[in-house]
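Each of the next two complexes has chain A plus one other chain: chain B in the first, chain C in the second.
== the complex of A and B ==
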């Protein structure tokens, strides 16, 4: 028996795909246009805007900064988030529920407000060096992903497994590394990817914390766009998209994408 | 190595609620003692205290000469079997079983041999390279058992190990557990809420309620001679009839119940030195007969049990369940006498005493 699908549903699905993928196609098209301005459909075909990225030193510099921040900020956030998620899951019946929500606050607070307050307190108030302030800021905005995604894995973890290890002679700290961590590995990887991408794409918090000499790729992109409205912007976007797709492809190959939605 | 387990005056709190009160328990060398009770009675708390996952507020826990009370859990050397099996999902059956040996720095070759031997003993030799996710519930519990046994612990503890298995497998597994425990002569503490399970494999059973042991004895004694109303009710003495001794004649004591019916009971039953007592019986301890000395009643609903008929009887002392022979069915509504069978009755002190 064939299941009938309503034509309106098909139309709706097509529209969703169109709105999701349409802009990406336009960017991809603009990036290869052989013109000095952004245009779609592309006129001519060239890859010079891609090589152009690496000829502008500000792009190369900020790209390095952004990757460093994404890796460092996520790592720092995981170092805080994994133990926090562990404690929240392990003692979920003893701890008050609001404790878990505290870790989601960076998502709930408008990013502009978060960025501004970080600038006032960390960058100006405590006079922290720009790079360090950025690192702290990024660690903060990705913390919810670390705690939530790792926490979801830990919530379905049977803690008697940890107790079994302890009863067999394994000290608690060692049981955490040999028994707990390997079994929430999928959650940690998923959290890391979400956090990494969030950090890489962040504008609102970074814009308040960047300063003379130090900037991130998205901020540099904005700065560049104010002066030159050329296809370099589109090609940088395509590059960022490529990184995301590559990461997802690796995840899909090794773990399967379904675990991201768990 | 066989040692005994002693808990002396152990009290435990969760926050401000007291879950165990002044509990003392001795498990002899090679003995299997079950803690039996409904959820919240403190049986699992007791096990977790011995395992070292909880700390007692006061009292001491000893395994042989070793004082466990303040020893960290990983240093206690106790084999534990969990209700959820708690196998390591990321390790094969062999590595699961070898885990405890690895913690004890047993060399790789020796480790593998001992793990394989134990896996063989629980009948899973052909599955040593599988992961737990590919095993059935019964097989998982066998792995858990092998994992606990391979470290040759002086004490084995079971926390509702069969609750997640289906009925037939439960019976097979409990025999298996008993067989392995006896073969090794390991002292064991077994927590369950299933009376049949506890009675069938234990040397002694502690029936617990509200953080206290109500009675600790062999299954035979618990089944036939409960010491108090709680235990009596727990082991199926469904009828609790308040009575008062009124006179003595020879070897018998005549007692009266509400409504004035009298019963003669053998004097040697009167270990309770009070005038007021409770006569506890199972339905088969009261025989439904056309006439005789006992409680006159009008029979209510009749149900068929296979080995007998059971009647709901409305008496002045309340609702009573009594059994009658298959050879002589009574119609509901007819008058009859409930004749107590003294060997199946139990005299208990009244609750206040």
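== the complex of A and C ==
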């Protein structure tokens, strides 16, 4: 659908993109400012705020936790989400239709309610160790991405290829790993990476499950912001934006970014 | 493995995760709210009779509604322009909308802390051009929360609507034009009705997202502009009033689920493609 558009509308859209990217540029600028306070445009250029991140042990520790949690939670979610998505696509008429809706409940239920409930019932009520509770919480909030994105790939997969392999004597489990999975690889990679970034940025579930012992990077950032207002926060933010760029590059390579507009 | 059971066995681990660690805990939270010795609805009576709690609820509604309304207008116009752009430009613009969307909530809210603060960039700029002589206090107001929320959700709206607008076949607008419709009329009578389901989906995402947000009102609203999310956290982790926190949680669940259900019903009814 192509039409000529009014120049005023174009000007408006330009302003909107300025509004969307400007604040991120400001963070970038204030992260390299050679001052002890946050300022923009930067005065002087320095990378010392980046090295400063690694001198604050809380940042280093929570960065590791966040990374482990994002990889572990997503891996767990994929390990159970891929079979579920496969079952939904392959046995569409043998499973009740509402099953697909159950997997998206983590998006439907407010995350902050989920976090509170997990803390109350699982972490404290059932005495589950905090790291395990966090892992389960993160696996839950990324499950919709795993099932949906992999499911989208599976829906366009021709299952007769799998049947052909089986009828030629290939065991079912082997056909799944050597025929089905390689064909939906793009969906798995894109789903993994979207789930990873969702978990890495999560606040609402983690905030209830972290404490003095275990914390994640976004929660540590929030706590740090309430006490200090130096460019270290900006430099951590820039690191996180770097992760976003990497994520976008991977999604672009696999499914293409236009996938996100569908 | 028996044939009949195979689909269920494959689905079981994911179902168990959702039912055990989402279904059970959330149901238990909801159940707590009916356990008051003074009667099953006593907690809700307290909630709806408390001036403070109602102020928080209405404030959250107001912020979420304003955020949704502004995001719809801004997102629609921008998506319209993006959808008409030449292919290369379009992918650049989509990248520019995806980037903030995939950047964390904390980072994006922090940016507004830097912009709107007392010694922030906006105050510096306004002082410099001489519009004001004293720095304004813009942080910790309803306005600062709303601006940051709009910032948070406009990319989501743009991406949802670009997909919808691109899906409208060129033939339809061409046909309208060849039948004599002026561009304005073709837009109102062909494009807009076809975009309504997408507008509804986008609005639901933005409304529920802003209604249940935590980090943004925490950073930019503070104690003075408490919203449902920050109120829930404060009740649960600062005053340790778990029953009160559960009641807040229940109200949030009811508001979001009713919004989703009603709006998806409407979306199905008004969809001209569903015929």
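One rule holds for everything that comes next: the second predicted complex is superposed on the first by the 241 of 262 C-alpha atoms of A that agree within 3 Å, B and C clash if a C-alpha of one lies under 4 Å from a C-alpha of the other, contacts with A are read in each partner's own complex, and residues count from 1 in each chain.
As a working rule, a residue touches a chain if its C-beta (ideal position, glycine included) is under 8 Å from a C-beta of that chain, and two chains touch if they have at least 3 such contacts.
What you see is a predicted model; the values in this text were computed from it and never measured.
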Original post:
Quick one: chain B or chain C, who's touching more of chain A?
Top reply: C
Original post:
First (chain B), second (chain C), both or neither: which does A:227 touch?
Top reply: neither
**OP:** Go through the superposed model and pick first if A:168 touches only chain B, second if only chain C, both, or neither.
**Re:** first
**OP:** Applying the touch criterion given at the start, work out whether A:197 contacts chain B, chain C, both or neither, answering first, second, both or neither.
**Re:** second
**OP:** For A:254, decide between first (touching chain B), second (touching chain C), both and neither.
**Re:** neither
**OP:** List the residues of chain A that touch chain B in one complex and chain C in the other.
**Re:** none
**OP:** Within their complex, state which residues of chain B touch chain A.
**Re:** 51-53, 72-80, 82-84, 86-90, 99-100, 103-104, 144, 147-148, 151
**OP:** In the complex, go through chain A and note every residue touching chain B.
**Re:** 158, 160-161, 163-172, 175, 179, 182-183
Subject >> Residue ranges of chain C in contact with chain A within the complex >> reply: 4, 6-8, 10-11, 13-15, 17-19, 21-26, 28-29, 74, 77-78, 80-84, 91, 93-108, 110-115, 119, 121, 151, 154-155, 158-160, 162-163, 165-166, 168-170, 172-173, 183, 191, 208, 211-215, 218-219, 229, 232-233, 236-237, 242, 245-246, 249, 252-253, 256-257, 260
**OP:** Would you mind writing out the residues of chain A in touch with chain C in their complex?
**Re:** 1-5, 9-10, 12-13, 16-17, 19-21, 23-24, 26-27, 30, 37-40, 79-81, 83-84, 86-88, 90-91, 94-95, 99, 102-103, 105-106, 108-114, 116-122, 125, 136-137, 139-140, 143, 147, 197, 200-201, 203-204, 207-208, 218, 221-222, 225, 233-234, 237, 240-241, 244-245, 247-248, 257-258, 260-262
